[in-house]
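Paired with chain B in one complex and with chain C in the other, chain A is shared by the two complexes that follow.
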Partner chain A sequence: MRKFLAEFRAAWNLMLEYRIMVVIWMLTIVLPLIMLAAWLSIAEKGPVAGYSRTTFISYYLAALVVRNMTGMWFIWEMDSEMRLGSLSFRLLKPMDPIVHFLAYACSSKPFRVLILGPASLVALLLIPGLQWNLEALNLLFFVTSLVGALMILFLMQYTIGLTGFWITRSISVNDAWFFTYSLASGYLVPLDLFPPMVRDFLWFLPFRYSMSFSVELLMGRLSMGAALQGIVLQWLWVAGLFALNRWVWRRGLRRYSAVGA
Partner chain B sequence: MKVQISASHLSKFYEVHQKEPGFWGSMRAFFARKYETVRAIEDVSFEIREGEVVGFLGPNGAGKTTALKVLSGLLFPTSGDVSVCGFLSFDRKPEFLRQITLVMGQKNQLIWDLPASESFLVNRAVYEISQGDYLAAMKEFTELLDLGDVLNKQVRKLSLGERMKCELAAALLHRPRVLFLDEPTIGLDVTMQARVREFLIEYNRRHGATILLTSHYMADVVALCKRVLVIDHGRLVYDGELESLVEQISPVKYIRLVTQQPIVEDLSPFGEVRSVETFKATLAVPRERTSAVAAQLFRMLSIEDITIEDPEVEEIIGRIFTEKLLSK
Partner chain C sequence: MKRHLRILAIYYRAALMSQMEYRANFASSFVLSLMWPFWVVSLLWVFFYHSPDLGGWSFYEALIVVGMYDIFIGLQETFLAPNIVQVTEHIQKGTLDFVLLKPANGQVLATITACNLMRLSDVMIGFGLIATGLVRLGHVPTLTQIATFAVMIPAGMITVYSIWLTLTTLAFWFVRVENLGEVFYAFYETGRFPVTIYNRWLRLVLTYIVPIAFLTTFPAATLLGKLSPYFVLGSIVIAAVLFYASSRFWSYAIRFYSSASS
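Now for the complex of A and B:
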């Protein structure tokens, strides 16, 4: 934990060096707003599958918050470290590199809270009837789900990054992954709008728990039972992905040390 | 003194794929890659005792860096055993990693966009260095390497020399007992090279650390290492004192003399005449005859000054590799 905090401190300082860049990055998460504009025009004539215009607004603003709080891009750094060989130095330190990358993945999050918090309050004031459930207990569930979503995305991206042990550019795998994530997580289209069979299938995959689940919680669309069940399933995915990650890590290391670090 | 580094019948082979240059070469490589086995090191054995400073010599691509990577635990050997500080390097146990360090002169370990002091703080936590040890180490390095205000400048704004000083300090913060240094002075100017050398000598003296280093600068090797390992095409061709290597490779010494009167005598009976001017001459004389020849010259000429020198180590090492003097 002390090692994580030291890494986090350095990553945070690094982020502050580039605070303008973080703001620009935050502003470039516009996909939900584009989707929102599209659905608003479609829903002009009446609700779509139970989603009114206000529901769409609530959904995509929540998606924007969740994406900001869980999105991460450390795979670029990982990719270059593996290609240029500086990962070797991390392997010679008495700390698993996963701690370093997790710290970097989290480093901009406190900064984003500082901006998103006030921004959300403004949204609540400006948009009447925003369907966000802000009761304390619900918010607690929401925050817990954000941590879980972050861990799922981190472990997915880290595992994809580890494919760099076998292929030269793991970034290409990540691009393919992002396409799947956008569709299957509810980031582009609410899962409710898929045919029931597809929706029920997506319900069990980890993607829902990296986006849609948190959005549903913030919007207060889940019963207490469904929320608890979701949290359990989410953390089961975290555990499963962690196990997968460690397995890939061990095999990758064996290869790395065999063919040249 | 106990053995700190031991390699026995160590080999490391790996495959690299070949690509012909140009677009069609790339296309061909994309569909059918040709692999070639590189024998980076082959059947290498040696032992290094605690506190020794050993130079690892060889031309580019001889296998020096590969050997350092195997010894530090980054690469798994194809065959043979390697043990450092009593550990199998490749296990990379935390207790082992806390006792070693690897510095590569051509690579950067510091956080590029932050001052070096930030990297030090991270290392302090990663190596679990106590506050007292950390302050003591910082004090020592600030003094020996003259770090001062360099610590608070962004790493990317440092000169190469300043950065190398910080690299060394960061890599030695946990006071490792075994140092693997790959070209630690590469690209540095002469003064800075000397500075780094003095620092390494001092670190070795104070902490009894074992050092294995590669360098292309002979001055590094001469100043730091009594013993050298010479590697060529992956094979160890010499292991022993630098001095005896010089004797073995170069059977001659140079006698340089300055006279009071112009030299008119024929010097060739004394040895091979390398150069002769009015008042100066250089002779290459077989090693065992140098003192006798010098005495004769004294009697014959009005000598003002005379020196007996070994050839430059650079010259000797160069000859080893171009003339394959040590190859079996």
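Now for the complex of A and C:
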């Protein structure tokens, strides 16, 4: 934990130099808003599968909050370290590189809270009837689910990054993964709006727990039982992905030293 | 003019040769671009699962708008985006002097010589989606419709070039402008769907201020006969005005550049 905090402080200082860029990145996430505009034009004639215009607005604003708190692109950093060989120096340190990359991935999050907090308040004031459940217990569940979602996304991206031990284009794999994630997680389309068979299938995948589950919690759409069950399933996915990640890491490391880099 | 076209041909041939050397790279971006149409079509399909139309457009009509979006994203990524990266590098390192010293038009050399030909795959996918839409609609465009469509693509390309040129030129004052490119992409994303889905204010902005509607919705609409062919005049006027203004801005900035450094 101490190591993580030290790494985090270093990454945070680095991030502060780029804070304007962080703001620009936050502003340029527009695809969910475009999807929202399209749904609003359809919902003019009446609710779509139980979603009114206010439900859509509540959904996509929540999705933006979740995306901002969980999204990360540290794979670029990983890719360059693996190709240029600076990973070797990292391996010499008495600390697993996963700590460094996790700190790096989290570094802009406190800054984002500072912006998203006031922005959410403004949204609550400006949009009457925003369907967000802000009770203390529900918010506690929500924040817990955000940590879980962040861990799922982190472990997925880190594992994809590790495929760089075998192939040179792990970034392409990550791009393909991002397309899948944006459709299957509820980031661009609420999972409820897929045909029932597709939705049930998507509920089996870890993607729901990296986005949709947190959104459903914030919107207060889940009963207490469903929320608890979801948190348990989410952390089971975290554990499973962590085990997969460690396995790939050990295999990859052997391969890395075999090349002699 | 002819001389500059020859110079461009030489630059593009060199780029093609160097990009063909990374074959694995070439193959993987090709596989990725095959995933892309599947992704956009499913996105579009979810809307039509719940509604017979999207802003007054049927599924296959909207597919043509998506095709236009892909064509322009492909053209931008191929011919424009690599240049903004290159010019900012030149400005940061001060090597733009060498480019400007060459005996040809500096604007041509600095802003359209770099290219990433792999992204032409998006242009092909775009035309594929448009063809699919037309076949499924059973719509055979008239000669006028094809002609206006054929003029609106290069006019749109000049419009996009002018916007990129303005952004690039800003690099003389703000050294890091890659991020401004992101802001333009944010606007461009709105062209993915027919402009009629947006509310009135946004629609006005997207038509007259950042003319994204003239890139994707209007060409698709003229091809389908949903819009009068006279709209082609609008594209031409916008392209001409923006091209003239942005070129003047560039030459003004160049004067500023030479007096500031070196």
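As a working rule, the second predicted complex is superposed on the first by the 261 of 261 C-alpha atoms of A that agree within 3 Å, B and C clash if a C-alpha of one lies under 4 Å from a C-alpha of the other, contacts with A are read in each partner's own complex, and residues count from 1 in each chain.
As a convention for this text, contacts are C-beta pairs under 8 Å (C-beta built on N, C-alpha and C of every residue); 3 or more make two chains touch, one makes a residue touch a chain.
Remember, predicted model here, so these are calculated numbers, not experimental data.
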For this session: Could you say whether A:Ser223 touches chain B, chain C, both of them, or neither, answering first, second, both or neither?
Result: neither
Exercise. Regarding the shared-chain residue A:Asn13, is it in contact with chain B (first), chain C (second), both, or neither?
Worked result: first
For this session: Report for A:Arg2: first if it touches chain B alone, second if chain C alone, otherwise both or neither.
Result: first
Exercise. Touching A:Thr168, do we find chain B (first), chain C (second), both, or neither?
Worked result: second
Problem set entry | Touching partner for A:Leu183 - first (chain B), second (chain C), both, neither | second
Exercise. A:Pro94 contacts which: chain B (first), chain C (second), both, neither?
Worked result: first
For this session: Under the contact definition given at the top, report the residues of chain A touching chain B in one complex and chain C in the other.
Result: none
Seminar exercise, completed: Within their complex, chain A touches chain C through residues 20-21, 24-25, 27-28, 30-31, 34-35, 37-42, 45, 48-49, 168-169, 172, 175-176, 179, 183, 188-189, 193-195
Exercise. Along chain B, where are the residues that touch chain A in the complex?
Worked result: 14-16, 69, 72-76, 90, 92, 94, 97-98, 100-102, 107-109, 111, 113-114, 118-119, 121-128
Exercise. Which bits of chain C are touching chain A when the two form their complex?
Worked result: 24-25, 28-29, 31-32, 35-36, 39, 42-43, 46-47, 49-51, 54-55, 179, 182-183, 185-186, 189-190, 192-193, 196-199, 202
Problem set entry | Residues of chain A touching chain B in the complex | 2-3, 5-7, 9-10, 13-14, 17-18, 85-86, 88-89, 91-95, 254, 257-261
